[in-house]
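Order as written gives the chain letters A, B, C and D; numbering starts at 1 within each chain.
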Amino acid sequence: MTWTDVTYVPIQPAAVLERVGASEDGAVAFFMGIVRNANEGRPVSGLEYDGYRRMAKAQLSAIVAEAAERAESDRVAAVHRLGPLGIGEVSVAIAVSAPHRAQAFEAARFVIEEIKKRLPVWKREHYLDGETAWLDGHVPATERGGVR
Amino acid sequence: MTWTDVTYVPIQPAAVLERVGASEDGAVAFFMGIVRNANEGRPVSGLEYDGYRRMAKAQLSAIVAEAAERAESDRVAAVHRLGPLGIGEVSVAIAVSAPHRAQAFEAARFVIEEIKKRLPVWKREHYLDGETAWLDGHVPATERGGVR
Amino acid sequence: MDVTVLLFAGHRELAGTPSIVVSLPQRATVDMLLSALRGRGEGWAALPRSVSVAVNREYADGDTVLVEGDEVALIPPVAGG
Amino acid sequence: MDVTVLLFAGHRELAGTPSIVVSLPQRATVDMLLSALRGRGEGWAALPRSVSVAVNREYADGDTVLVEGDEVALIPPVAGG
């Protein structure tokens, strides 16, 4: 069973890792993003993720479903944090288990790359000098909506 | 600081994950191998890792040092288990943190690939039918020893 | 017909509001909605020329036809992860 | 001179021992050691034609010259991970 969440609650990496694993799996790949103390050389005191939460949940579920198909494993879990975060806090965590390691690595990498491309969340950095800025991001590709 | 171990003690994934991380790091990649319930379709009840432990420790340290150089991060940890393992037990765990995700992913992948190529450990599978077999492995490349 | 428009991050700051209800003629498209929004002046006029849009939580083209009650979100370049 | 030979996994089962001390002429090479081992007969004769070797815990070529007290390990194809 895949699992996803977009949440204001701090992410517990070990709990995400425990969402995956099955007796036929030989490999677990895990990734997490953490808040750095600087961006492009500028000291950061913390940041804030704004998100279109309902859409982000739907997009994350879609990304994880695609990853599960590629990995031939439904043991894929991903969670993205929203709200204010301090240095060292976890912004995103992804876990995949699969029979073989290439599948697990590639699926975990796919999920983080797709999150960066299309999850509707935005990051405002707070700098040590008191300024803040919304970070430049990726323009999501528009899919043709089909029947509406 | 890099960290490595080759051990008969069960591996705690969360403890390995905690070996990495630094305030300049934005990404943590983690991999673990777990004992599957079957290999090439044959049901497995458990397995046993034999190892040339002193050399394996030296090789693992060398692999991790190379990974750290590639990742431009000394936050690389790796541990390999020896002895008898049951289904679902962790055979190997690798954690890397780095400023950027590509570095972390690639270093973690590098460590597991190199372990498979040259760590002097051997795996005997125990099958449900009572038979056992040493698994076919990789012939390690010989490095010219240089001055001896 | 009425559609709800949601704004996020920098867009929200430009517009000064997280959401607004806009009345449009029947069969109006996303692009027509964007023109109407820019026509409101002030911060709205400063919305980027090219802006991504989601209709009912799916990314949608500018020629997507809207219907009564649609939830239309202006999506600034995303920066998750 | 004497060197210690270590055996693992399938090699250990062939040889029936985890280690053995072998006496060799001065300046003997790894290949000479392997010939001497195969010459012991029984399981030893069944050691694979091509076998990887580590000398003092580093992989070494067949023409590596051994010295008194070296720890020589025969390394079956590795299967970690």
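Note that contacts are C-beta pairs under 8 Å (C-beta built on N, C-alpha and C of every residue); 3 or more make two chains touch, one makes a residue touch a chain.
Small disclaimer: the values here were computed from a predicted structure and weren't measured.
Colleague: Among the other chains, which touch chain A and chain C together?
Modeller: Expected: no chain.
Colleague: Just grab the chain with the largest centre-to-centre distance to chain B, centres being mean Cα coordinates.
Modeller: Farthest from chain B by mean C-alpha position: C.
Colleague: In whole angstrom, what separates the CA-based centres of chain C and chain D?
Modeller: Chain C and chain D have C-alpha centres separated by 74 Å.
Colleague: Using CA atom averages as chain centres, what separation in Å is found between chain A and chain B?
Modeller: The computed centroid separation for chain A versus chain B comes out at 25 Å.
Colleague: Per the centroid of Cα atoms for each chain, what is the distance between chain B and chain C, given in Å?
Modeller: Averaging C-alpha atoms per chain gives centres 50 Å apart.
Colleague: What residues in chain D touch two or more of the other chains?
Modeller: Residue numbers touching two or more other chains: 81.
Colleague: Which residue numbers or ranges of chain A touch two or more of the other chains?
Modeller: Those would be 33, 101, 112.
Colleague: If every chain is a node and every touching pair an edge, decide which shape results: line, ring, star, complete or other.
Modeller: Line.
Colleague: Any two chains that touch count here, so list every such pair.
Modeller: A-B, A-C, B-D
Colleague: Spell out the part of chain A that touches chain B in their complex, as residue ranges.
Modeller: So the residues of chain A in touch with chain B come to 13-14, 17, 21, 23-38, 87-88, 97, 99, 101, 104-105, 108-109, 112.
Colleague: With touch defined as at the start, can you tell me which chain A residues reach chain C in the complex?
Modeller: The contact residues of chain A facing chain C are 33, 49-52, 54-56, 58, 80, 91-92, 112, 115-124, 134-145, 148.
Colleague: Using the touch rule from the top, collect the residues of chain C that touch chain A in their complex.
Modeller: Against chain A, chain C makes touches at 6, 8-10, 12, 50, 52-55, 57-61, 64-65, 67, 73, 75-81.
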